[in-house]
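Sharing a structure here in structure tokens format.
Per-chain numbering from 1; labels A, B and C assigned in written order.
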Amino acid sequence: MSKVYLILQDNDDSRYLVEAIEADNPEVTTIHQPALIRLEAEGRLVINRETVEDKLGRDWDVQELHLNLISLGGNVDEDEDRLELSWAV
Amino acid sequence: MAAKKLNLKDKYKLLTRDLDWDFSYEDRKQAFPYEDFEGIKIHDWSKWEDPFRLTMDAYWKYQAEKEKKLYAIFDASQQHNGHLNVSDARYINAIKLFLTGISPLEYQAYQGFAHVGRQFGGVGARVACQMQSIDELRHVQTQVHAMSQYNKFFDGFHDWTHMHDRVWYLSVPKSFFDDARTGGPFEFLVAISFSFEYVLTNLVFVPFMSGAAHNGDMATVTFGFSAQSDEARHMTLGLEVIKFLLEQDEANVPIVQKWIDKWFWRGTRLLSIVGMMMDYMLPNKVMSWKEGWEVYFEEAGGALFKDLARYGIRMPKYAGVIEKEKEHVSHQAWWTFYTYGHAAGFHTWIPTDEELDWLGEKYPDTFDKYYRPRWELAKKLEAEGKRIYHNALPQLCNTCQIPLLFTDMDNPTEVSHCVTEYQGDKYHFCSDGCKDIFEDEPEKYVQAWLPAHQIFQGNCGGPDIPDILKDYYHFNLGADNLDIKGSPDEQRWKEWKKQG
Amino acid sequence: MTIEIKTATIEPIRSTFANLQRRFGDKPASRYQEATYDVQAETNFHYRPLWQPDRLLNDKRRTAVVMEDWYSLKDPRQFYYGSYVQQRARMQEQAENNYAFFEKRDLARHLSDDARNSLIRHLVPLRHVEHTANLNNVYGSAYGYGTAVTQAMLFDGMDRLGIAQYLSRIGLILDGNTGESLSAAKQSWMQDSCWQGMRAMCEKSLTVEDWFETFVLQDLVIDTLMQELFYVRFDQWLSEHGGQDVGMLTEFMRDWYKDTSRWVDAVLKEAVSESAANQQLIQGWFGNWRGRVVEALAPVVADMNIDDAALDIALQTLDKRAAKVGL
């Protein structure tokens, strides 16, 4: 299975996003590079609105992710509750 | 009436997808005339899956928030002499190349997406392209605003649009985008949305920008990452375009494959400039070009092509050559610019001994064997007061417009040179990849505005090279060009640092 | 920032980019100027467009209007991307509050049947007109010349998509998010005789080739008449017929029009005053489309049952506006 990935700006918002992603995707690998955080996983990675809201302690719209997102790899499926990245093979 | 809750997908569909209608009074072909000539078959635009579902109100809201943050950084940088925080004056030259070579491509992307955002018959595709169009306008404008500060303190930024239209090495990026925009609307999307945005621009905007951060350039990393936050949308558009074309008709598969072959090759050639920026122009290193290439091209691109195999799409032609090139291109490109440093609008230099060691470590199979000896020679000559400058105008590849500087990848001391004939004239290429592209559409590529040919034909003023550089390119000779050693940039930098 | 240097010793070597120095002298330039002037490529294009082989990639000849310097068509609002989205973000915040208030208080409940029916039949179909306006402005952005005018046309194009979406939301408020009113409005747009003139006009406008002519047709003629008829006269009718709260939902369109007219008028005035030939040309387009758009709108105005004089008044507004820009 190929790796999907997500890259976030290294800032305060992203710390909570990373926590949420790590909580929902135990297999994820988190890599820190200057000014960015890269998260990668085999085949699939998901960000759930509810988990992010728990971490942030406020309402969070999935589209807010785009404020801190630098890049991604994988097929994207986005709705109001989650954003999922996946490769079928 | 109790309103039912609408999910994002249905809401977006109701707000956007239903706006168009079947024409009764005019021929739709007259309103959308360019959809057929490339041979792509579209049976049903309603099968288009919106790659992202952002309505304009949300777009304004989120983008305004991004812009507010970005301009706060620019303001702070300008008020506090942010240009003094970069690692070294040499670093600035990388962003001179960025402003003169890459920012104008953002503008062309704006224009190209406005064109297809008007022309596609499907409203979903049109709207996605229009949003990308306005995003691209954002990118060029934020880049100019970021560089405005550097232009006030360093040479080489001052006439960036004028230079982009004329300077020899800038015809490489310019011809790339001219090629995409002059193609049909579907080729444009395969070229830019898919090949370029989905795979290749990551190399510019992720590792290079991380490098900018590592070299203390807050303004650049901020616009770079802020631009990339739009790019994630553009990438999903790129992937959707490909799937849509491949799913609409089997007959589209070979056409799309041909475009993928062409545009990955053309993109790879274009990025050799970025390779040299990464390996040679960033004083503080993040990763080598080769490492970046492996992560963003081989790994990410590999996953993508594995996924597309189900449609009958294979890896781009010459992927094998491309894999070998990662060991060589950055070194060959920087050497060329070093030896033509008098004709470049930015400064060049010999890497420091530590940098030579770093390159040796990062390229254990090639650097010490093929490239280090050149730099040792350059060092020796420089010490003798005979810095190398080549004066002959180079032979340019008729497709990518890069001088014939790349070698045969299996024989790295032999310059690669291919020739073809068309209507009795000979045309020269750097590679089989570029020759193939020409041979597929010779009537297009014979039109290329090749800077060296144009100089020979007297279309760039002159007749002497310094006159051309000064009067036609608008270089400030002795300030913009030549080695960083002894340049006004270097002198000012030392002066500022001494005071600091 | 840890570096402390006497700022006096760090003098800039130039105030701005060379193209702006040539235009305005060596003085600090505004962000609008830096983001706008001379940004578009001018010369040495490599290939002819496969889709239009008789033209260059960027070509002044895509309109018959002739300008000595296309950058003289500047935007009085000085919108570049950043200032544009920030201005629109403020407007959308206000609109969002209005829509939220309207929905929360369920103000649709207070609408008379007449008002509700007329909204679906007459206002919601405008989303299709706005969609046409989106395409017509993006057309100018794609084929126009010089960043000054082409960027503003893209801003207008995106504005129109936004307005089409606001109008759609009015429909969704009326039908409780089922989309029924949007279908009914589309049915009306496609089939009701009162709309067919305007629908034919929209289709026609999408086939006009000269981008400046499209601009005159859309942004001057159609937009002025629509604004006057639907957002002024019809709004008045709604107030008198149990639909006064709808004004909250169309405030964005009125604010937008005021903002955008400033730009449209400035561009027209500059182009018209450039030469007698431009004046004549634009006058010709204006005269031609003015009559045809009025004809296209007459049946829907009659069907709306608003003030009999509405169309005449709208026409006077248009003529006054045209006179102001030299037509």
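The definition used in the following text is that a contact is a pair of C-beta atoms (placed from the backbone, for glycine too) under 8 Å apart; a residue touches a chain by one contact, two chains touch by 3 or more.
This one's a predicted model, so the numbers in the text were calculated from it and none came from an experiment.
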So which chain ends up in the middle if you average the CA atoms? B
Applying the contact rule given earlier, which two chains have the most C-beta pairs between them? B-C
Centre-to-centre distance between chain B and chain A (centres being mean Cα positions), rounded to whole Å: 27
Quick check: how many Å separate the C-alpha centres of chain B and chain C? 33
Using mean C-alpha positions as chain centres, tell me how far chain A is from chain C in Å, no decimals. 38
Which parts of chain B, given as residue numbers and ranges, touch two or more other chains? 65
Which part of chain B faces chain A closely enough to touch in the complex? 7-9, 51-54, 58, 62, 65-66, 202, 205-206, 209-211, 213-214, 221, 225, 228-233, 235-236, 239, 286-287, 299-300, 302-304, 306-307, 309-310
Touching residues (chain side chain A, partner chain B) in the complex: 2-5, 7, 9, 33-36, 63-64, 66-76, 78-80, 87-89
Given the complex with chain B, which residues does chain C contribute to the contact? 1, 3-7, 9-10, 12-19, 29, 31, 34-35, 38-51, 57-58, 80-82, 85-86, 88-89, 91-93, 95-96, 103, 106, 108-109, 127-128, 130-131, 134-135, 138-139, 141-143, 147, 150-151, 154-155, 157-159, 161-162, 164-166, 168-169, 172-173, 175-179, 182, 186, 189-190, 196, 199-200, 203-204, 206-207
Applying the document's contact rule, which stretches of chain B touch chain C when the two form their complex? 1-6, 10, 14-16, 18-27, 30-31, 33-34, 37, 55-57, 59-61, 63-65, 67-68, 70-71, 80-82, 84-85, 104, 107-108, 110-111, 114-115, 117-118, 123, 126-127, 130-131, 133-134, 137-138, 140-142, 144-145, 148, 151-155, 157-162, 164-166, 171, 174-175, 178-179, 181-185, 444-445, 447-449, 454, 474, 492, 495-496, 499-500
